[in-house]
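By letter and in written order, the chains are A, B, C and D; residue numbering begins at 1 in each of them.
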Amino acid sequence: MAILVDERTRVLVQGITGRQGQLHTELMLRYGTKVVAGVAPGRGGSRVHGVPVYDSVAEAVEEHPEVNASVVFVPARFAPDAVYEAVDAGLPLIVVITEGVPAHETLKMVAYARGRGAVVVGPNSPGVISPGRCKVGIMPGELFKPGRIGVVSRSGTLTYEVAARLAAAGLGVSTAVGIGGDLVTGLSFWDAYQLFNLDEETDAVVLVGEIGGTKEEEFARMYARGRGKPVVAYIAGRTAPPGRRMGHAGAVAFGATGTYESKVRALEGAGVPVAGGLGELPQLVKRALEEAG
Amino acid sequence: MILLEFEAKRILEEYGIPCEKSVLIGEGDADRAGELVSSLRPPYVVKAQVRAWGRGRAGLVRFAGSVDEAVSIARGMLGSSFAGERVRYVMVSERVRPLRELYVSMMLGGSPPGVLLLASEAGGAGVEEAGGALVLRVDPHAGLRGYAVRRVAKHLGVPAESIAPILEGMYRALWDYSLTLLELNPLAETEGGLVAVDRKAVADEDSGNPRLAEFIARYEEELGELQREARRWGFAAVPLEGDVAVVGNGAGLTMATLDAVAEAGGRPGLFLDLGGGAAAERVKAALLLALRQPNVRRVLVNIVGGITRCDEVARGLVEALREAGAPGVRLAVRLSGFMEEEGRRILEGAGIRAFATLEEAVREVVG
Amino acid sequence: MAILVDERTRVLVQGITGRQGQLHTELMLRYGTKVVAGVAPGRGGSRVHGVPVYDSVAEAVEEHPEVNASVVFVPARFAPDAVYEAVDAGLPLIVVITEGVPAHETLKMVAYARGRGAVVVGPNSPGVISPGRCKVGIMPGELFKPGRIGVVSRSGTLTYEVAARLAAAGLGVSTAVGIGGDLVTGLSFWDAYQLFNLDEETDAVVLVGEIGGTKEEEFARMYARGRGKPVVAYIAGRTAPPGRRMGHAGAVAFGATGTYESKVRALEGAGVPVAGGLGELPQLVKRALEEAG
Amino acid sequence: MILLEFEAKRILEEYGIPCEKSVLIGEGDADRAGELVSSLRPPYVVKAQVRAWGRGRAGLVRFAGSVDEAVSIARGMLGSSFAGERVRYVMVSERVRPLRELYVSMMLGGSPPGVLLLASEAGGAGVEEAGGALVLRVDPHAGLRGYAVRRVAKHLGVPAESIAPILEGMYRALWDYSLTLLELNPLAETEGGLVAVDRKAVADEDSGNPRLAEFIARYEEELGELQREARRWGFAAVPLEGDVAVVGNGAGLTMATLDAVAEAGGRPGLFLDLGGGAAAERVKAALLLALRQPNVRRVLVNIVGGITRCDEVARGLVEALREAGAPGVRLAVRLSGFMEEEGRRILEGAGIRAFATLEEAVREVVG
């Protein structure tokens, strides 16, 4: 099963002829992902690593009606357009790798997608991977071992680090979802958690948060109301100074909003153990699994 | 980007939101300060214009009864430093006597994402502890509807007609200026109606919104050499007080590395996120930049390869060290993932120790 | 069963303290409709014909969580606001009686409602009636006899006329839906037809159209692709001059768009018999029922 | 409200959509016509400005080679009549020689409702028969996205860069001016690029959009006494050519009644929709208005009571007849529904025959 992507996922790459698009099409194919079509306006008819390219999503989907996910590599300026195009073509899952999409644009495009039943992961996401089955994104597949832990994260490389540490502790991953490092993203922690809750192949969930915004607090509020499978968290940025953007557009704490303390208080208050450091995380996961029986 | 208070005030005034009368005193205006303040009626509030939160507790918001007192306070503030910022502007306002201090803010957030509208009867410094705030999620496709305004009015105990233009103005400003946060605290209830006497705004730097040009220009003037150089390379750099430069690939990873350094008793002196897929040339530039910081005596490089190739990173580091020499600097490198072995070989060939785990590297640099 | 409204419908009246709101609250109650709450900003705490009034939909729904439909009587200027409020409160059915809502406003509010799974009937609708069970609207209930014919119409009084003629011919109505006389409305002919198709208590559908717009043509296009229960149509405005607004905001033909001929051609081409006059309609319905067996 | 062509052209030009050069000649400009046309380069197209469709076939679009010819044609058109409208304005344009005639329009419609974008390679008079048009539904919350523009460009065989500003301008105009239809036909492909050489626009009268004020004022100048009076009472009235006034309650019902009259061989002379819930006073006003029309010799009143009470209607009719006398006018009334019996009694007490079915009433008035 896993969540969002698996063996049945058939991927369309939007912006397939760009540098990133080409590179990751190759890497996804090599991982075993079924990349069946690409889109690049004005480049229809060509091929990238054997994948046929179309001028529009509508044309690609007409030729490849099996497409059920899209991954967006187009530049920030054109990324919203790509998402609307994918939604209008009826695609149910759209993974946006692009960084630098204006937050207000994201707000509108996510509302649009949700209203039409489409899930947007990202923007500024490393993608989604169900280890050994399907990777729709840019993460190094070899760091992810198959298993029964769900991972949901605002970060890219930190997710790889976490996956590697879980693997080293004998814990594999059912699916790892990078919801994206922006202030506004499509999929929320809670959305991903709900999917993991329904997934028979996931036993516990690792939430990798960071300072800035209120995503972790929102998750904690929802989790406190009706928790399901056990969750263990790690929050990056404990020692980051307030008011400074720590790399990600969403990683800034202002006043009392988005601080490390606020997030830890909310999560622990809701019953989510928070690891003091990355090293503690695998133990916490194991303990949670034991407690859940 | 956090806007300065007077910038936020200008935006509010553009949307017809009532604010108190004020003047702005820049570093070059010291001579004209008395004249400027004389155009206002006493008593005064003198406020340093800084981007950081918490200026009140730091004595950067003060009251004055006379022009001379206000000018003297303002001169004292100008050029002083707060949370790493130099005070370049001071705002002198007519002091407003509120009957009640309310709180209203709008920010992007929520799930599904929207504009979160917060309103509280307990404005002022106490808002964060007060609780009981009304939180409404405004959907971008619905916009700020009349019924939401009425709910806020009811919660705050003010007439809908008086709060409506303020909320509508804030909402339009939020979109027009690509603001991710716009906060009125306090929104003063006075005999003469509602007045926004203090305000905060944060704008989305990624928006490309031309209306922000003036604010961005002012912000960039404040940037030091470090941040200018970092921007040029597309790095995210944040100067810190300690002596350990932390260089990583990816924001979350670099933050986690910072935390690990602090946890082990080290004092981070620089946050530097290389971003994804850094080639040798960029890695070299990053290390040289870190080494140029006068406070930096140790460097921890933490790379989890994926898009980023560990061998490229290694090559960049070796070249930077060859160029800078870096006498007396302690360097620890952690390489993991794509081309890890090759990278480690390159580093060891240049006499640099490469670690497989973050913990080892931290011990090396902190210990 | 019927469609949209039945015995289980619990109604909220938005704009209950206005002249129309009061009158029709009384008439709906008299018909047997379960009107359980009303909304009028600033009038919360009062009662209209025994129905409690609240300041906001949120408050009304909190007190009356059983509410599952709203009927909007507020003036055109405030009607969109009322619809957004009802959608945001999670109501699944919103019947807008108000006339004169700007078409572009309707476009946006309908898109909003659809994206959140809410059905908007109208604006400028006479409402929905399932004879003998529930009436959410302003139609004279006594003209509608219970039965097995679905009626969907752009008109008010013309629908009553049609219902009366059906009754005189021994044909009752399962549900009659007035989709509204504006150019842009929430529910379309096709939407209503799909509901009738799923309704075990409907055997055939009468479509009452009129000149202007492309609603009938759109229905015909969809019906031609995959028809279900038999449909018989009547189109008003055969002799209306082009370019003139015939009462309804939507009832204007321009050039070749929205003409009587265009609609009849489309419907007949799709296999929908169109009555030459109102008198023919009941016979056509009976014939369609016989042919369907 | 259908806009006049020159009004639509002004809107298009405001949004930077290329149009041919033209001048407008009003009824008061007859003396200056030559001067106006001289500012253009021949040859010319002279077009009567009328709201109705089909002016081309009626000889109201003509070509002219010289200023004198253009002026002479324009003078001939001014003051003439087309489909019940007097020609008050004539537009003289520089004639554009198209390589191809394309068609682009946007209108509100579709299910779910949106903005329907139609594009066809076969513009000009033949577009309605041609078929093969591209139809895209633009969702109001998505807006006109780049991919839709590219699809239109591909369908029309023009570069996306050339059609993009036209489509974007049209889309903005549609929203800014509350247009329910905006049509460019033909959109001429010329050596110098795309030019919108003819256009139609329909605006939503219910929008309350202040940008339409000028257009509404011009439209209202054209209204006759009948329509002014009808507006005042909130009736919908449309003058027709025949002698039977058709008065009903509700737009659909009144149209159906009109059709029934025509079907029975009668010639409708007035469409008058009372709207819902008409009280005696309004019914009286409506009947008096109908009787005042010089062409009206018969009146058919068709009421299906619901909100409208049949007894109120009857009272209004009786009062109107008492006041007007209406010698030589044949009146038939059909009453059905709420308070039907009472209404019939009132009418019969005043010697007016009331029928229970539409068919009987039509036979009475037409036969």
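The criterion applied here is as follows: a residue touches a chain if its C-beta (ideal position, glycine included) is under 8 Å from a C-beta of that chain, and two chains touch if they have at least 3 such contacts.
Remember, predicted model here, so these are calculated numbers, not experimental data.
**Q** Please state whether B-C or A-B has more C-beta contact pairs across its interface.
**A** When the contacts at B-C and A-B are counted, A-B has more.
**Q** What is the chain whose Cα centroid lies farthest from the Cα centroid of chain B?
**A** Relative to chain B, the chain whose C-alpha centre sits farthest away is D.
**Q** If you average the Cα atoms of chain B and of chain C to get two centres, how far apart are those centres in Å?
**A** 53
**Q** Quick check: how many Å separate the C-alpha centres of chain A and chain C?
**A** The answer is 43 Å.
**Q** At what distance in angstrom does the C-alpha mean of chain B lie from that of chain A?
**A** Roughly 26 Å separates the two chain centres.
**Q** How many angstrom lie between the centres of chain B and chain D, each centre taken as the mean Cα position?
**A** Distance between chain centres, rounded to whole Å: 57 Å.
**Q** Could you check chain C for residues that touch two or more other chains and list them?
**A** If we look for residues of chain C contacting two or more partner chains, we find 108, 111-112, 114-115.
**Q** Among the residues of chain B, pick out those that touch two or more other chains and give their numbers.
**A** Residues 139, 141 of chain B touch two or more partner chains.
**Q** So, with touch as defined above, which chain pairs make the list?
**A** A-B, A-C, A-D, B-C, C-D
**Q** Could you list, by residue number, the parts of chain C that touch chain A in their complex?
**A** Those in contact with chain A are residues 111-112, 114-116.
**Q** Note which residues of chain B are touching chain A in the complex, please.
**A** Where chain B meets chain A, its residues are 2, 51-54, 83-84, 107-116, 128, 139-141, 175, 178, 180-181, 200, 202, 204-209, 236, 238, 240, 248-256, 258-263, 268, 271, 273, 275-276, 304-308, 336-338, 358-359.
**Q** Within their complex, state which residues of chain C touch chain D.
**A** Residue positions touching the partner: 23, 76-77, 100-104, 106-108, 110-112, 114-115, 126, 138-140, 142-143, 153-161, 164, 181, 183-186, 188-191, 208, 210-211, 213-215, 218, 222, 234, 236-249, 251-252, 254-257, 276-279.
**Q** In the complex formed with chain C, which residues of chain B make contact?
**A** Where chain B meets chain C, its residues are 139, 141-142, 145-147, 150-151, 154, 160.
**Q** What residues of chain C sit close enough to touch chain B in their complex?
**A** The touching residues are 41, 55-58, 78, 81-82, 84-85, 87-88, 108, 111-112, 115.
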